[in-house]
Structures are given as structure tokens and as C-alpha cells.
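Below is one structure; the comments refer to it alone.
Letters A, B, C and D mark the chains as written, and numbering starts fresh at 1 in each.
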Amino acid sequence: MSDDKTTQNSPQTVLSVQDLCTSFRTDDGLINAVKNVSFELAAGEFVGLVGESGCGKSVTSKSIMRLLPDHITEYSGAIEFGGTNLLELPEKGMQEIRGNRIAMIFQEPMTALNPVFTIGWQLNEALLYHTKLGKAERRDRAIELLKMVEIPLPEQRYDEYPHQLSGGMRQRVLIAIALACEPELLIADEPTTALDVTIQAQILKLMRDLQEKTNTAILLITHDLGVVAQTCSRVVVMYAGQVVEQASSSDLFHRPRHPYSKALLESIPRSGKKKKGQRLATIPGLVPTLQMMPSGCRFADRCDYKQDRCVDEQPEIGLTEERLVRCHFPVGSAEASEA
Amino acid sequence: MSFVKAEDLVKHFPIRGGVFSRIVGAVHAVNGVSLQIEKGETLGVIGESGCGKSTLGKTIIRLLQPTAGSVWFDGTMTSALSHNDLMPFRRRMQFIFQDPYSSLNPRMTASQMLTEVIRFHDIVPVGERKKYVDELLETVQLRPEYRNRYPHEFSGGQRQRLNIARALAVKPEFIIADEPVSALDVSVQAQILNLLMDLREQFGLTMMFISHDLKVVEHFCDRMIVMYLGSVMERVSCDNIYEDVRHPYTKALLRSNPINDPDEQTELFILEGEVPSPRDPPPGCPFASRCELVEDACRSTQPELVTLGEGQQIACDPVVRKLREG
Amino acid sequence: MWAYVTRRILYNVPVFLGIVLFVMLALRVRDPVNSHLGKVKSEQEIKQLRKEMGLDRPFHIQYFSFLGDVCTLNFDDECWDHPGRSVGEVMGESIGPSLALTLPALVLTTLISVSISLVSAWFRGRWMDKALVITAVLGMSVSFLVYIVVGQYMGTTWLKEHTGFAPFAVSFGGYDGEPTAMEMLLEVWPHYYLLPVLISVIVAMGYDTRFYRAVMVEESARDYITTARAKGASRVKVLFVHMLKNAMIPIITRVVITIPFLITGSFLLESYFGIPGMGRELLTAVNHGDFPVVQAFTAVFALVYILSNLLTDVLYAVFDPRVRLS
Amino acid sequence: MMQRLLNSRSFRKYWKHKPAVVSSIIIAGYVIVSLAIVFGDLVTIENCEQRVAPKELPGFGLLPVVSEELNAQEEYVNEIDRLLQKQRKNPDTEEKCRYMGLEVVDRPPEQLEKEIEEYFAVADQLYQIDDIDDIVAEGGSEAQDILSKLTKAREIQRGFYTAESQDALARKLQLSLGTDRQGRSIFLRAVYSIKVAITVGFVTGILAVGIGTILGLIAGYSGGWADALVTWLYSTFASIPNIVLLMVLAWVFQGGEVDKWLNDLTNNYFEKLIGGALEETLIPVIIAFSATYWIGPCRIIRGETLKLRESEYVQAARVMGFSRFRVLFRHILPNLSHLMLINFSLLFIGAIKSEVILSFLGLGVQRGASWGKMIDASKSDVANGMFWQIGAATAFMFGLVLAFNILSDALQDILDPKHV
């Protein structure tokens, strides 16, 4: 499904991030990691948040969960979830939402589980916080969850410690923990980056199957466009702390509008359709640093379609042909071809 | 005779355990791998983590001493040479490491690093060293003004360029690149791959390119070998992977690789199970535990690499049999 | 796990042999008999004593005989400084007072400083945390001695002058008769030992708090803490369940490592407050050249030290499933 | 080179860390003072052993209660008395007077004698009053009288050493922190102790880090039996509690037998080299500390070398065919320098603090002054309310140790390779 402004207040919207800015107070002053990020997620939707390292995608996801260190982080904007603004919720209220209505899985399955507690204990914990199940019921539910994520011998695994499991198995356990309370939204922060391709395929399939079964909305954060193409119906592309394009997967992959999205897609070697020794398309230059953001378009320096206006004026994100693009001259638009 | 050749290369790492820390076993990182690389050719080595592809590269360059087997370089058996006798070969073969962050000495500037290599191997006369460093930096598309910068002042991609410059400094003929782009962002990855392709052409390099990314190997290499648990599963030309590939593992690898097209996405191919531990490899075919074509014989006897014509070899008895039967 | 523990024990055997060797050699650098008695006794008597002590035997004989003494904790030699009493007796009598001083100090210090470090972790980066860190650094910058000297003055003279209340003795005065256990606990201990215990708690707190805080800070940055928070764990749960259990490993290490100092006691406190513990005995023996006591005491300290190292290893195995199940 | 250092990220981080900068300045101050003591004879060992004024003279510009001051005055009177008697017999008066802390250079002997008689008269009157503290406490005219006489006595007394003296400031400084029970200047002793502390800290730090680094590097890089040997060696040393090890070493150096042996061995060259008996120098203390402190750095350097040996840039150096020596000293050692620096500063603090404890136990510095000896000497003073000595030693030490604590903390932050 393609995104539209009209979905903004429709009842099926699960999460709505509006104008989110996240900054950190550091010794070098306030550093703005995420600026004016807005996007929405409908119930049961599988959305990819894509960008290269340092583009602010992880900060965005951790802002939604409010997992960044409180005393150095400043937020502005709003994160609407189930009718409440998460940014205004007290810590206590946030705790009731975390793991219960919004769950999260992380990049490093090797370190994300507590090494001194058993798998069962760690599954139990999530259930203990958010359900009223008794001890035996929790155990049953935990084993059921382990079965659901296709872990062989769940009864035996229940009493084992994380180090006895392989990376792929640990990521399954983390998914089981995340799904324990049947959340409305699952945020997966690079869940397969640390895994091999064959294991990655297993995990992606598992996530897709579970999403169909439980109708959980999933926000998948990744730098790998292939992963997005394989799983997501809609994609949000971030660059240097901003959203630059938002479109359905099909639209984005076939007809990218933002020059960055286009360049990113072209720089990946394409299987089967190449000539020997063919050069890959590249994006020249470097990502601007957080301390030295250009005042105009943040991508201007590296853009093939750059014009004077791009350097002077920061483009606003706007609706172009059923999708949101932050560009003065979107690729294929009338303005761009004029110039 | 091939330019670079390895014969039955074995590398085991001892595992110590028990009360007296005796050797109680070994990690079978590389298990009898043979390969040939012709002059000017690029061989890809592909496999998942822990399959021994990096160990293979390091054993060939003699960073690690092989447990058994031999390595030949330009007609000389380098695996048996002493440290001093190896020296002339050091400048003919080079290695590019994976992690651009940890592969540069943080306390040496770009020019210090390059000058050290140039001086040690006496590549150019004393008076021309500075000029040569600048040339090298230009070769890898770094500005010569950056010569006095420390590694932390460079971005990941720039560091990888510096790594390449260091390898090129000795004017090598053969370069082993161990996952040179896997730690980089997609856009930077493309820059580095382009650079490597240019350099390969410019200097007529022979290369061994180690990667876990099939798309990159397919794009970059002439031929590839597929490794699984220390053994070669398949040897195939990169020209037409989709049709040529025969081994069930390579096929699985190919199909679990996400394709960049949401519309062409068919049902995900899933390879069940996980890689067995290299401490205790199965007696038969290492892939038997996950293979869809598995037969009883696979579990007990290790398949031989069988040549299927035109440089393609495969280590899978059922597939070979099927092909022979028609 | 048992293989692991046995390995640790075997590993410590050569270390222990080395310590005994070192101690014995060091104490023989200058002739112990001559330096103790040289000025007052005749050559004949010195020879006699040397023979009695077995110091005229070849070194390896002495080594093994002393090693036997240490292993059986059998120290029959007469002290040179306390005629008529054996080294073993002196050791036996002084061990109690040392423990009475240091055991409560260790327990109190650990409890208090772990609590403070938790407070610090709770208020991480806020003024409370900063104030605690600054106080710890300030406290660490004052000499141990000053705490003792001023602490004794404040606890006795000053307290008496300003409140008329004198709960603490300035110095150990010995027991009146043979106190019962109850009297020991309620009268003797608070009177003679409580003040030095308090002082040693204050002294150790700066170091311990900083150490434990660093442990907590390190733990709080771990990925599994983020996972726990993402699960909806409250800060209390994160702190007291997830962090504390993981922090137990470094905490236990630190506590066990201080065990030898329980036995050696706090030398300074003992000598300042006149507590007849092992530390004070050793100090007197060093000053008076009492060779048998110095030799036996140091060897026993080293033995205790090694035993507590072993205890740490065992406790590691108990608390860390990664060690236990390997 | 300098330019590059100033532009390096570590330096910029350091410069931003204001407490660290202030600490460095403080440490530099201490070092300059100690250099001035060693090379410029700012304070000599004789200076700090010399009696300069009455015993237990209060410092910090404070005065004790009247009766205590009187006691001090009485001592002083006795001292002068004895001096005058000697002066009549001995032609070398001026020398003696100066030794007693009396500045008589600017006065003719008759005037001096007159002043002293005057002083005696006042003092005698005061000594005859019993319960002097109570009378002063009650107040009234009698108290007024006593206090005015005391002021006069003080005035005359001060005249002995301040009036018209060229070194008025020096004298004031000398007495600013009072005197100890032997009438020695606490200020001079505390200042001289800076040299002792800095020497012990610096030499110990260099030796211990040096030994630890060399052994750690060898063990970590070569592995095998060298590693086993070094590991055994440091496990052994680490298993003897620090203070016990120090005591054993102190035992070894006691009694001068080691000197004798060394002198016999070197044909008395050793004695000339260190300028006196071994026991009287700082050498035993430094050896004892170095022998105990090398363990920490050795363990850390070994661990880090093991890690660096496997790092990609070291492997890259090996691919180049560089010799072991070059890899070790050009690629590994520079990347351990931050650890060496941090360890050095930690050992510096450790040595200074332990030197105090050793001196207190009577095992440390034998000649001259040290903060440990001062604190040790002030044990009984504290009970009598005399805080000058312990206060001065503590304050001087506190400044140095605190500065080092802050600096080493900051260094750990600044030099952490994760952030470099």
C-alpha cells in the first residue's frame, strides 16, 4: 500500500512520528542527530527505515522507545502512539508500553541477551511485567513462544543460557521475547546485519510469517536495501538525520525520486545483469558531519542534479506523485527536466 | 603452471582443554583446499562466517603457517621458505584487510606508514620517496595534502583507500583482498570496488577476493570457489552464475541472497539448520546436515571435487551422478 | 567445571613454590643470625643458633623442609624475640585480633560502597553522581595515615572533650582476665575495635566506590541492559536484577582479593591502635630481626593469598554460567 | 612536530578538560620546586634538620592558649640563656645564634644583651602568675595587664629574628607553619618532602613501568616459554601482599650488609656513587617499590600486546615482511604508550602514598624529611591539639595526589583508543 496524507488520522494508524528532532548535549554543544523526521505506520504494515551508517535511523528508533540516555537527550516534535504522545509520557507510562505494546529487537544477538540468566528466565520477565499469568502459565507461554520462533527442543532450551545458543538462535529468542506480549508495533533495529545470509533469510522469513499471523506492525531498520525489498511494503529513506523519501517499496525500487535514493540503488552490484568489469555507479564525496551540516539541502554536495537553489535553500519534504520527497528537483519531475 | 597455486592446504588451530591444557582437538579451519590462480585473473572465495575463507587467504600469504599442504607462487614453493627467504616474495604479494578501522596503525600518519614500507623494501631511491608517496595517494584517489593525517582523521572509505595504497606501495603482482568492502556503507562500497577494478587493470594485478557477498563476488571476479566448513564445495566461473551453479549449497546461497526488486520477490528460499562446528566437522560431506539432496552415503563419505568441464568443479556426489545419468 | 578448577589449582602450585623460594632467598641475603645477635653474642653461640635453625644446611634442604612446615602449618621454631614461644603460637594468638578488625571492616566497606555505587549508577551523569565521584577522588587524595591519626583523635580525645562521651579506647589495653564471648562482643570489641574498623571503612570507601561505580557504568552500557529496558523493565529491576547480577563477578573478585588483607590485617591500624594482630607481629619482627617469625608469616600470607585466588576462580564458576558450563 | 602535537585530537581533548590542565600546572609547580631543591639548593637537607625557632611554635598565624604560649616562651628563654652563656665563652657567637634561629647580625652585642634582659624581665613576671589561663578567661584589668606583657614579650622575641633582617620574608615563610618538637621549621620540612616524594614517585614510576613494559611486551609478543616465565614471575610477586613484600625488602636493606657487599664488589665505588650509606638514601625505598609495582603494568601490557599482536595493522606489518623488532617497537609499542602514561601516573600516586606509609612504619626514608615522617612525628601532637605538622604534610601531599588523581582520570578518558 502506498502512503497518503489521508491515512494520518485514520483509525488504523499505529504510530505517527511528527517532526521528531533528537539532539544530544555533548561537550561540543548540542548535536542534532535527527531533524524533522515524520512518518506513519499503519496496523499490520511492514515498513523499512533505510539509510547508511550515521544517518540517524537508530536514533529515531530509540527515540520512539525513549531508550536514549535521558540526561543528555532532548526531543521535540511528537510521537503519537495509540492516542498518546510518547515524548510526553512519564517514564512509568513508558515502561508499561515497552515490551508490551511496542517491542524492539537489536542488531547484536550475541550481546543482547543477559549472559547470567537462562533463556526461560528472560522470556518470563517480559511476561511477568505485562501479564497477569501465573508461574506455570508463564512457562507454558514461554515454551509456546519458543516453538513459534521455530527453536528446536524448546523445553530443553528454556533452561539453557544464551552462550549455549548460536547467533541465529539467539536472534530467534529475542524475537520471541519481543512478541511475548503481542505488541502492536515491533521495531527491528538491523536484526540480520550480524548474521550470515542463510540465517538472515531464515530470520526474515520468520518475521514475515509472524507478522502475517499476528498482524503486528513492523518497523525494520536496516542499511541493506535487499532486505527491505524482500520484506517491506513501504520504505522511508533517511540521509544525514532527515527523511529524504517515503514511498511504497515497488515505487522506490523502480522509480526513485530523490537523487540519493536513486544513487544508493544504483551503487549496488546487480546480480545476473552485468557486463564484466562494468563500473558501479557511486555517490561522490562524504556524508556531512553532524557538527557541520550545510544550511541548504544536506545532499547537495554529492548530488548529480545539484542547482544553485539546492545550496541556498533547504528543501521541505513534499508530496510528489503519491510519495513524499525532500528535494527541490525530484528525479523525473518537470522541474528537474527543465533544469 | 599457475601463477599462484595451493595444494591440499590444511590449517588446524589446536584447542587446549582438560586439566593440563593439553591439545584436545583442533578447529578445522581449512581442510585440504587446492586452488590455482592464473596471472591476471581474479579468483573469488565465497562462504559464510567461519567457513575458513580468511584463514585460507592468510595461509596463502604466509601470515599463518599451514598445518599441511603447500603454496606455490610463480613456481616457488613459498610455504616452505624461511622468514628471510620469503622476503623477496613479500613485496610481490600483498594483503588488504577487512576492517578499515583496525587495519591502520592509529599512531602513524598516512605518509609515515607508506614511507616505512617504501624504505623497508627500498622501492624507490631516497630522493623520490616523497614524490612516490604522493603518487600512491593520487592512485587511490586521496589528495596528497592528506599525507600528514592520522587514520582517525579519515572516513571509513578513505581508510580503505589508504590500505590499498599500502598494499600497492611495494608494486605487488598478487593481492589477496579479505572482505575489503564488507565493513563499508553501500555507496562507499561501490567507490572502493570501482577503484579496485581500475587498479587491477592499471597494474595487471592477479587477485584473490574473499567475500561473503555473492553479488560483489559475481561482479568483481572471473572465477570463484565456494567454501563451506573448510572445504571447497564448488568451483565455478562468475560469468553466468545463475545457470552454471550446481551445488545445492551454492544454490541455496544464491537464493537466500535478497534481490533488490520487491516485485520479483518470490517466496524466500530457506536453508534450514546451521553450520556445524568446525571443531568437530561431520565425517561425510560437511553440508550433509542441511542439504535437500542428502543421501545416506553423503553422511559417511566426503565427496571428491569432480570436474564438470570448463573450469567447473563440484563436490557433491548426488548432483554429479544425476548429471552423468543425463 | 571441575577440570577448570583443577587446572587453576595446578596453575597455582608453581606460583606458590616460587613465593616460598623468593621469601627464603630474600631473607638470606644478609645472615639473619648474625644481624640479630652479632653484636651481643659470641661466634660460638651464633654458630650454635645457626645449627639449631638448620641454617647451616644446603639451601635446597632448607627449602624443602620449610615447604613441609608451611604445607602442614607446623611452625615449631622458637621466636627469637619472644623466648619460649613458638612461631606457631604467636601466629595462632595474633590471627584472632586481626580478623576481629578486618572482617567487619570488609563486610561494612563492601556493603556501603556497593550501595553508593548503585546510587551513583542510578543518578548517572546528574549532580548526585558527580558529587559522589568528586568526594571519592578527594577522599582518595588524603593519606591513609591522616585518617588514622585524625580519626583516633576525633574518636577519642575530641569526642570526650566535646560530648563527655568516651566509647572508644585510644589504644588496645589488653583484656581483664579472660572475657567471655558475650563480653568480647558487647564490650571489648566496640571499645577497642570499632573505631579502627570505622576508620578503615572510611579509608577504603573512596577506592571501592569508584571501582564499583566503574563496574556499574560498564554494565549499564551493555546491550542486554537495553534489551531489558525495551522489555519494559523498570529502572529498579534493571539496576538490581540485570546489572547487579552481572556485576557480582567483578564485585566478588574484588572482595576475595582483599581476603589476604584480612589475615595480614591492616598493618597501620594494628600498629597504631596497638592491636596484637598478625600485621603488628610481623612489623615488630621485621624491626627486631626476628627471622623465624618473618619467614613463617610471609609464607603463610602468600599461602592465604593463593587460596583466596583459588576461591575467586571457584566463585567465578558459580556465578558465571559461561565458565561453569564450559 | 610540536605543531602536530598541539593539533592532535588528544591534545585538544586535554585542553578542553580544564581540571586536567589545572592539575598539570599544579604538578608542574611541584616538579619545579623539587628541581630547585635538587639543583638550586632551595632547601637543603641541613635546612630541614636545623633548629630554627622555639619548639612547637604554632603556625598558620595562630596562637595557642596563653599558658601554652608561655611554655613555649619559657623554652625560648632557656634557649637564649644557654646561648648567652656560650656567647661569653665562645668567640663564634654569630654562628651559634644563627643556628638557634636568632638573627643577630644587625645588632651590636650590647644591644642584644639589653633586649634579652628586657625580655627576661617580662617573662619572669609572667611566669610567676599561677592559673594564668583562668585569669585571662575572666577578663578584667589583671588580664589586660598579662596580655599587654605577653604582647611585649612577643614583640621583643620577634625582634630577634625579623627586625631589619634582609630575609624577613624568608624568615616569615620559614615559621609560617610553625615548628615541630625539635624546633625545626615545618614549612621547610614540608617543602623538602616534595623533592623526596617527586623523586620516589618519578623514579619508581619510570622503573616499574619500564620493567613491566619490557617484560609484558616480550611475554605477550613471543608467547611460549618466555610468556610462561613472565606470567609465573608476576603471579608469584602478585601473590605476596604488597606491604609484606615491602617489609621483606626493607629487611634485606637493613643493617648495611648489602652496602658492604656492594662496596666490596665495586671496590668502594658504590659508596662514592650514591654518596653515603645505602640505607640513608632513597634507593632501598625505590627498589622495594619498583620490585612490587612492575606487576600491574606488566599484566596490562602483556594483555594488550596479545590483543595488538592479532590486530589487523600488526598483521599488515607482518605481511610487509617487517622484522619482529620493527613490528614490536614501531607498531605495537607506540600503541601502548597511553597505557604506559596512565600506569605511570597511577604508580606515581601509589609510590607517594606508600612512601608515607613506609616512613610511618619506620622502614622508609631515613635521612631528611618526608611527609610520612612528619605525619608519624605528629602522632602525639594531635592529641595535644598541635595540628600544624600533620596539617602541613597532609595539605602538601593532598595537592600533589589530588592533581595526579584528576590527571590520570582525565588521561584515561582522553587517551582511550576507542575515542582516538
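Everything below uses one rule, namely that a residue touches a chain if its C-beta (ideal position, glycine included) is under 8 Å from a C-beta of that chain, and two chains touch if they have at least 3 such contacts.
For clarity, every value in this text was computed on a predicted model and none was experimentally measured.
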Chain B reached from chain A - shortest hop count over touching chains: 1
B-D against A-C, pair bridged by the larger set of C-beta contacts: A-C
Between chain D and chain A, distance of the C-alpha-averaged centres to the nearest whole Å: 60
CA centroid of chain B to CA centroid of chain C, Å: 55
Centre distance in Å when chain A and chain C are each reduced to the mean of their C-alpha atoms: 53
Footprint of chain B on chain D - complex, ascending: 4, 8-9, 311-313, 315-322, 326, 330-331, 334-335, 337, 417, 420
Chain B to chain D touching residues, read off their complex: 58, 61, 63, 86-87, 90-91, 94-95, 97-99, 102-108, 116-117, 120-121, 148, 150, 152-153, 163, 166, 170
Chain A residues touching chain C - in the complex, by the definition given at the top: 65, 67, 69, 71-72, 91-92, 95-100, 103-104, 106, 108, 111-117, 125-126, 129-130, 161, 163-164, 174, 177-178
Interfacial residue positions of chain B with respect to chain A in the complex: 48-49, 155, 157, 185-187, 189-191, 193-194, 197, 201, 212, 214-216, 218-220, 222, 239, 241-242, 252-253, 256-263, 265, 268-272, 274-275
Residues of chain A defined as touching chain B within the complex: 52-53, 166, 168-169, 196-202, 204-205, 208, 223-227, 229-230, 232, 249-250, 253-254, 263-265, 267-272, 274, 276-283, 286
